[in-house]
Amino acid sequence: MIEDKIKELGYELPEAPKPLAAYIPAIKIDNLVFTSGQLPTVRGELKFTGKIGADLSEADGQRAAEISALNCLSAVKSVIGSLDQVDQIVKLTVYVNSADYFTNQPKVANGASELIGKIFGDKGKHVRSAVGVNELPMNAPLEIEMIVKVK
Amino acid sequence: MIEDKIKELGYELPEAPKPLAAYIPAIKIDNLVFTSGQLPTVRGELKFTGKIGADLSEADGQRAAEISALNCLSAVKSVIGSLDQVDQIVKLTVYVNSADYFTNQPKVANGASELIGKIFGDKGKHVRSAVGVNELPMNAPLEIEMIVKVK
Amino acid sequence: MIEDKIKELGYELPEAPKPLAAYIPAIKIDNLVFTSGQLPTVRGELKFTGKIGADLSEADGQRAAEISALNCLSAVKSVIGSLDQVDQIVKLTVYVNSADYFTNQPKVANGASELIGKIFGDKGKHVRSAVGVNELPMNAPLEIEMIVKVK
């Protein structure tokens, strides 16, 4: 049971995130689920704000990436009922709010990728893009979107 | 009829946008259509230029987002013949040319999401990522790409 | 034979790129292959670094885009065995590390799009988004991800 695994690892699957606007958290099209970009919010409030490499450390960024990844999983669950229906985590896109000269986006994104690996094992082996951006909604340190294949 | 609805709402579906380069405006793969990133051009000319939060207001950005969304729909139409063949708007990715400290990308992107909602109703309920970027082609204020499921 | 074509054009298909972190270079889901974002590395080392429009010229950027595109193809090959199994190049997303005021991302991205066109002909006609970003991993000048349909 995937949700038991999440708890065992010391994490909590949040309630499905509410969209900030005129869109939905996740959508299922045939056997793929696409999520909206998820910020590192806990119960609706950003847990971290600011730019990685200036306001926040890489370690903060990794923790923020874990939270965004869990919000993605929560969004996925909201449309498929149970994370046990996940057949494969397909792709993460990680947008990192980057201070000038901060070029270690992959390390920050590893916060998400490694947690996904611990939770899903081989089903968690995904492709990924990690890029820097100069600004994000509400000055969030990162935003993550996910594509998942379901059974 | 979706195109009648677009007119009723006071908008005009443009001619299919011409690509700026060595690629095509949209492609259909099985029952999904992917568009290229669309700028807020009208008859080939950018309707707005500059950064949201400095050169342009949020309201300008919302209007630009409407135009880019219509260009996406026009690109979709070019490969499926009629927008009545749209089964579901799946996803928007909205890249907002953001001045320093501008963090309201979701509000700008709502220009696109809300118009899609008015045009397509439930079939318009999509996922979305909205991120800031520091530069865009020809100093456009935003660029939007779309994924659509067709019947 | 696609690999012969690549050689004829004077290019070399690299070894499959190694991921920088906890993810994989490419994944096949039904008949689609998604790649991770690929940097312009040759045998694990970045061939170019810095921002287009400041440290690097557009021509440098186009050459970097060719290299990233080849790395994408190598990643695709790693999961489908042969590039002759490619039915259609579907989409490129090109993130360009952009100096202030550099707005010619499409021209840089053409380095990738035009090479794909030369290699694959009609099967190479893809959609594309090209956007500027302020920072990229290891100060790479660009990052490209690809979606491909296979036979």
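By letter and in written order, the chains are A, B and C; residue numbering begins at 1 in each of them.
Please note the rule applied: contacts are C-beta pairs under 8 Å (C-beta built on N, C-alpha and C of every residue); 3 or more make two chains touch, one makes a residue touch a chain.
It should be emphasised that the depicted structure is a prediction, and the values quoted were computed from it without experimental measurement.
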Equivalent-chain rotation between chain B and chain A, CA atoms, steps of 5 degrees: 120
Interface composition of copies chain B and chain C: same or different, split at half: different
Centroid spacing, where centroids are CA-atom means, of chain B and chain C in whole angstrom: 24
Chain B, residues touching no fewer than two other chains: 133-134
Touch list for chain B against partner chain C, complex: 19-27, 29-30, 34-37, 93, 95, 133-139, 143, 145
List of chain C residues in touch with chain B within their complex: 31-32, 88, 90-92, 96, 98, 100-107, 109-110, 113-114, 117, 125-134, 147, 149
